[in-house]
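Note that the chains are named A, B and C in the order they appear, and that numbering of residues resets to 1 at the start of each chain.
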């Protein structure tokens, strides 16, 4: 099937554009595979449907195609476009805006602007971070979304969904482990749904089994650390202490460094530290009322990848 | 007249120093012309006089000459000094300090320190930003002034003018458009005065007609966007949603990129995004009570200029 | 004695590790001398004992050896390890954690994680800052500690010592000068003790007399400036307006630049500005309740050292 598809992509511009978008959906988990992306999109629609807010899924799809299209418009590097490196920030902006803004035409205006800006920011940030050999990762999504949400507070015609603090849910039991691990994986796309998490995991595994193993490891390590330090049990239960560590685990443990025992220990330490950064950013951002999104992952990934040049 | 003046500047050190300062006054709008600078200075004095706070104008003049003098003292690049590239941050610091601090000897101490630091910060920031081919722009003014204002909160002998939030003024009518556009241009120098705005515009036009057209375009686009999103009408009316977009328009649309239809659309999108960044920074800085100054412009300009290396 | 020790260090790994750690203790004051470091450690134990919180001293020692050990583990540059360039951030993390967190097993878990992360952050930050020829200085200590303290707010099992704002103590008299100068020097290691400050000063002087002179100058200048601007007298009296200026004075005036009259004036201006940055960061960080630590020094040092490339 891959060969047939690849041939089609090489010959047909529409198929090529579709392929770039599907790979963009998979790049959030640092995978480069259109079938992984297709399955992730399906899982997002399932999760959004289950939560009764399909706009999250339509927004994600819209953010994906807009950001990829803007990259073509700005004549960005074609190979990067094809690998989906402009779409993965757009899909996240597109999922985040309907999550935090009330359904309203102005919400869609913000979503379109945000998706377009995420591509410009991808170019700007990668121009800076490549100086030290690290990627911009999801930083364009984070900064774009945080700016849009802060702006919405000042705009009467762009209403925000009231932020509710995670309630301190009942104590967490070992039997809750499976669900929390799955939700931690699904929260990477701002969705708290067990089925979505399992589908994401399968989608990752069909491209890279090691990445899937580390995704689960990241979710487990972050769960143990968050419970151990006494983090808010409602937030833990929703997977909100896990999604950043899932990405750290895949990035540091499976994708960016050559596998070795040393790298595995280094990655586990990075997962532990991601939970601390998550808690820190939750505290730091509370006064201005914006979510940390995947910033704990991005900061930790930079922190643990930047020393490489020295370590070699 | 230009030739006579240029000859004098080449022969006479005092005229050279005066020329560098006048160009510094014009560089706030990214122009390099002593007559533009002279007219801008006159317009600042008019606006400060009209507002009954001449210290803003004397402070601006003092900031200008001090920052330029410190650049000479530190043996900065003579060509940059002559183009006024050290004065334009100093003039802005000098206008901002008497705007936000109560008239008092300590205010002048802060102003002198701030003007001197702005030159050191200009050297420091340009050393960093030139790595990626962008200028430091008004970042030295912004960071110096914000630091001084934050410090004043902790110093009993350096009293701050009480910050009043912009009241929600009556609704904005199309007939208010001209005044708001003019005030948006005048607010670049922290002055809300229609005559000053018109004089600024003429001063820009005598050096670069395209810059003047884009200044007006930036003011109009930001007005429409701010009204459309439902921003605070008092702030819009005072020109506070416009001054950053005016600078973005001049920078991205007229000065930093070669004119083309694509650049014009790119610049219009940058102006729209400047309004969002302005609203976002107003929200983000509210808990610590400092103004965003021209940071919305600088961030947007960096965002839209940094991809260039990739786009080529 | 130095020769005997150097021979031992060259032959014996344990002595080499001890030497690296002692130099690490001295590098906080930008000195590279094991005897200076030994005396500083002794002075820390004295100060912690006098304050009835010996965990600060044991924490400092633990942070020192852990961060140095992690640098060896990560195969960092051996010459840098030997000079103590990985230990000085660890010793500060180790002193800060027991200062701000309640004595508790989780406090020690945080301390160990923090010391290890400070080494990774030292590699990451120096990789960035060396692009412009400046050192990362104590930035790894600052960011690690601030992250850990912000995280502790969100963790029920990692209790924070309640932050008390510095009370406005009685007015400061010239006769208080000696004690405040000494406490300013001791506060570099988060200790407010006159004897510790005097011992620190002697320890610096046995390696570099000029550094000791500038340390005193930094403490005096910051005292005069803070009193003049009307800063909180309790904070001034505790040395909290002095420690950053002490480091700025040593760095800009004695270590990083070749001595000259110009450099001395430049350094004095840097000391004055450090006090303003200190006040500004105190204000800016109040809403999220974290201490500025030595960030005023690091920001000022970067600001005043970054222009160098241009000034030459």
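A few remarks follow.
FYI, a residue touches a chain if its C-beta (ideal position, glycine included) is under 8 Å from a C-beta of that chain, and two chains touch if they have at least 3 such contacts.
Keep in mind the model is a prediction, meaning the values are calculated, not measured.
Counting the residue numbers used at the interface between subunit A and subunit B, under half appear in both copies, so the two copies meet with largely different residues. Superposing the C-alpha atoms of subunit B onto subunit C requires a rotation of 120 degrees, rounded to the nearest 5. Put simply, the C-alpha centre of subunit A and that of subunit B have 37 angstrom between them. Contacts with at least two other chains are made by residues 131, 287 of subunit B.
Across the complex, subunit A meets subunit B through its residues 74-77, 106, 113, 116-117, 120-121, 123-128, 131, 146-158, 287-288. Residue ranges on subunit C touching subunit B, taken from their complex, read 131-132, 228-232, 269, 272-273, 276-284, 286-287, 302-304, 306-307, 309-311.
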